[in-house]
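What follows is a set of structures to go through.
The two complexes that follow have subunit A in common; it is paired with subunit B in the first and with subunit C in the second.
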Partner chain A sequence: MRGLARQAVPWHAGRVAARVAARCALLSLLVASRAEGDDLTVGRGGTYATLTAALAAAKPGDRVIVQAGTYREPTLVVRTPRLVLEGQGWPVLDGEGQREVLVIAADDVTVRGFVATNTGVSNLEDRAGIRARDVRNCVIERNRLRDNLWGIYLQRSADCIVRENDIEAHGLKQTESGNGIHLWYSPGARVERNRVRGHRDGIYFEFSPHGETRDNVSERSQRYGLHFMFSDSCSYERNTFRENNSGVAVMYSRGVVISANRFERSWGSAAYGLLLKDISGGAVTDNVFDRNSTGLFVEGSSRLEVRGNHFTQNGWAAKVLADADENVFSGNRFSGNAFDVTTNSRSANSTFDGNWWDEYDGYDLDRDGVGDTPFHPVRLFALVVEQHAAALLLLRSPLVSILDAAERVLPVLTPEALVDRHPLMRPPR
Partner chain B sequence: MNIVRLVLQAGLRDLSRNRWIVAYTLAFLGIAEGLFWFGGTGPQVLLSMLNLVLLVLPLVALVFGTIHVYASREFVELLLAQPVPRRELFAGLYLGLALPLAAAFLVGAGIPFAVHARAGASLGGVAALLGAGVGLSLAFAALATWIALHTDDRLKGVGLALGTWLAATVVYDGLVLGAAAAFGNYPLERPLLGLMLANPVDVARVLVLTQLDVSALMGYTGALFEHTFGTALGTSIAAVALLAWCAVPLLLADRRFRTRDF
Partner chain C sequence: MRRLVPPRRTVLAALSALVLLAGCGAQEPRPIALNEDQCGYCRMTISDARFGGEAVLPTGRVMAFDAIECLISWARSTPAADRGALFVIDVQHPGNFVPAETAGFLLGGTMRTPMGGSIIAFADAARAEEQRTMLGGQLRSWAQLLADSTTAVAGEH
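And then the complex of A and B:
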């Protein structure tokens, strides 16, 4: 998929290569600094009693090893570059409900193995469990964040890595909660194998292009499992978004690649498995949309490639509004949805070709695997419900089946042009 | 009560010897089994069976029911010549019709689901389907009894039964759809929910739907639907509505039966 992203946006290829080179350099730097720096031990039996003291004494390239225990100190600020902070036996950094816990304010800093907890709620400041502020190449890995207003917050920090963190917040209202992993003006981030639960938005990207988000699990968010805006050329792969209040929202971005993710069980009147708004030139491939109120919602987006996805047991599998144009749906699998496709106009600005529909009842005389009669995925009843929501009560009524059948024979109201001329006889793969 | 049993027994014997009821059982058995056989998963079979229950079951109960009541007229007249309380005779007559119908459905549709228990149909869904089917059988048997006792002309009676079937399965929903479209600007959800209760076929559909098609129930309407019918209270309300659809025609038919000059 990386390659695909590059193909889609060739003008970024140089930058990607530069970034990879920068990362390699960083890696060698880290290895080198590890060898030359000193170890500073904090906690029981260590040289320093407090982390604050150790951080003040540390030189670039040192390693600060923190023993198990609970540390209640003023907000810790790392100002020394190339420092490695390592917790052993899960030391707890406690914000006591009063303050931010840890701030990274120097380049090339690594934070690993801590429990950051209890920032408390504030309406005046965005308190984070771990924040990176105006830095480059930070690594935040294998930490546990519990009941913080914001979990991990990257603020104007480039090329950082956030991985294998476990982030959880409980019982907060949407207005009193921040995001699990929050990126703001932080290009080139890699967010991998994290687990986020119960925050407002699980993972949030704003003005943060060229990010890679892989293998994360984001669930039970109070709003979106993943939310991103104005972040071009990002890729999302193999993530699982589950039981998020409003699903996943992707807005105002170009060249986004969304691949092999699972979007599950987003319920409610404004809940979408995946909401795409004003996205252009991206790809949505090989994802699974399972039991969402609306699986895929496409609004004002163009030139999207929607391919190889599996839509199963959703209320509406795909809602494609009329202001979305030149999108191509092919090789997708639609099964067990109440409605496969709906739209809000009679014209069809997106193309459906070569998908598999469980409601297709055509035949294949020449046995080439493609049905000989076209399939109209928009049911009359879907349009009726679109206009008169209350009519939903008649779902699966015999009358509705009759109306749908009649409309399929002689389309009067449904968009005649929205048609799959090459419906597959067997589900792909 | 003795009389009820006797008449019931006579009715049952009569019906069990009747090839129609056997064919009816076998039809349900064959269709449900066939749906599983041809690779249907549990939820898919449930949905197909729901269509069958909503369309075929009322039709059979109404047409077969009216014909049955007309056919047992001579038997009823014979018994009425004896010192037999009319109410008990009526109870026997109705139960002799409704119980075999319900049992035929229960056996025909229930066995395949029991056999294919591992096909993934939710227990709640199957229970709702079987419950709705039994309720519909009882309700439309009551309606059939009433129709047959009300009209002496058999042809007219069967015609009325067919008309009732059409009204309950298709026409009523058409009117509801029309109302939803015509008054679309008003908050219609609650009145429409009420209208659903006023038709046994819709009650049955709603009962099953809340158990198996949850994903389709979305948006405000869906939420309200779920809140109203998805709870234990809602299910009880729907069940009570179905029972009312048995009780009211039965009371009317019973009054007719008691006052009628045979």
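And then the complex of A and C:
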């Protein structure tokens, strides 16, 4: 598990140091809690045969150590605060296709080292592998979740940490799948270094502000790799979203920071590397948008800073609709996209300034690194396609090239505002 | 010229009959393609067959919605004449449409819906009332939901 997480994420020295410091802090915490409580052992050679019995006997601050084996018990509910549940040798908690597996219902509980599996499917209940319900400060780390309807579900739980879990669902019908990591009314969460595959949405924040989502890999989701709704002031950084059916959607939120992520290979008519809908204020910086039908889609969003991103080999690098305003695109790199920028109206209210465009064929006589003629990133043909999708058939036709060239020389139909007056001669950074 | 008038009328009648017929045909909702169709209001990819609805526009175009919240927000921002026929999904029979006008709704119960508004639809008010003891919430008609400003999708503008 830890090897996996490390592999996925390139580390640098500063972060390693920070991590070591964090480990030490965590260790001292652990030592403190152990000093406070007893160790209860479950399984072969242990004091308790079942987790149910151990949980009933545990006192606040105890540690419940579970040996390897498969445990088929009624839904386990942790009601004792400050408990640490620790699996050794990957004990399997099996829901037998019938029920939720583990519920945290007390504050300051830690769950690590388990395989939670097989909740089965239900139309009426949202069954989860591990659920935290109405608690604070839970830690769910280094678990494996396999074939659950929902993976890890934080429900009205504040300041929890979900890290280094490996979550996978397969074989579920698309109508019968929940999300990998789901947060509902759970503010202040940290979701770090998890891997999620094959759920409906890999990671979903709903009504959960002030969350931090870092260094996760979310792929092959049936819908979104990451989905944010009504969750203000969240940040997500250094995550990789790959081959998700519809990409990533961030909606109806304020002050979202989206930085240094990779959005890769979301293909399809309704698939977007990153879909921003009704987002106000925030930053989209230093991300890579690689091989998506549409890299970045912006609708109804305002005052976004879009800087230092690399858009490469997308169908459309950026679609910015006319109802998006005061967004500023600068220092971005556009290369190998079929269309760099498109919009749905002549009156566009976002600004492009100082980006690098591989399509730019201007010159730089004063050698200041900035092209002397402006660049019009919206091809006339992009607007035609926006109105009549079928026209895309003509993408490589000579007629279209002539049209585009004519429009660039003498713009009549493309939005006047969508002009980069300071196109860079060299790619940034 | 005079002789031409009756045939022209006939042609007109035939044409309008055709238009009407075509119109009738187009009033039917079409099945939603899960994880493919996009919501016409919030653009989310539709992934849950228990919720949502459709608008069959006077032009024959069909718009799908992932949640009843979205259908309401869209209907509010669209002139009544342009809305066409509105349908909602019967939560007890995922994928089945009922006309919004005759459906019964529960607002604010325990069931979670894609846009967080907890509005679910049933074949009629009696069915909705039946389930109310288990699912909670308040009984509503389509007209009441449209008139109630608290049913908006947050961010509707």
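In the analysis below, the second predicted complex is superposed on the first by the 398 of 429 C-alpha atoms of A that agree within 3 Å, B and C clash if a C-alpha of one lies under 4 Å from a C-alpha of the other, contacts with A are read in each partner's own complex, and residues count from 1 in each chain.
Here is the rule we go by: a contact is a pair of C-beta atoms (placed from the backbone, for glycine too) under 8 Å apart; a residue touches a chain by one contact, two chains touch by 3 or more.
Predicted model only: the values in this text are computed from it and were never measured.
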{"item": "Combined model on subunit A: subunit C and subunit B, fit or clash", "value": "fit"}
{"item": "Which of subunit B and subunit C A:224 touches, first, second, both or neither", "value": "second"}
{"item": "First, second, both or neither for A:278, with subunit B first and subunit C second", "value": "second"}
{"item": "Subunit B versus subunit C as contact partner of A:251, first or second or both or neither", "value": "second"}
{"item": "First, second, both or neither for A:299, with subunit B first and subunit C second", "value": "second"}
{"item": "Per-residue contact with subunit A, leading partner among subunit C and subunit B", "value": "B"}
{"item": "Partner chain in contact with A:126 - subunit B first, subunit C second, else both or neither", "value": "second"}
{"item": "Closest Cα approach, subunit C to subunit B, once both complexes are overlaid on chain A (Å)", "value": "10"}
{"item": "Footprint overlap on subunit A, comparing subunit B with subunit C", "value": "268-269"}
{"item": "Complex contact set, residues of subunit A against subunit C", "value": "123, 126, 174-175, 184, 200, 206-207, 222-224, 229-230, 245-246, 249, 251-252, 268-270, 275, 277-278, 299-300"}
{"item": "Contact set on subunit C toward subunit A in their complex", "value": "34-38, 42-45, 47-50, 94, 112, 115-116, 153-155, 157"}
{"item": "Subunit B partner contacts - residues on subunit A that touch it in the complex", "value": "267-269, 271, 291-294, 313-316, 336-339, 384, 387-402"}
{"item": "Footprint of subunit A on subunit B - complex, ascending", "value": "43-44, 47, 50-51, 54-55, 169-170, 173-174, 176-177, 180-181, 184, 188-189, 192-193, 196, 202, 205-206, 209, 213, 215-223, 225"}
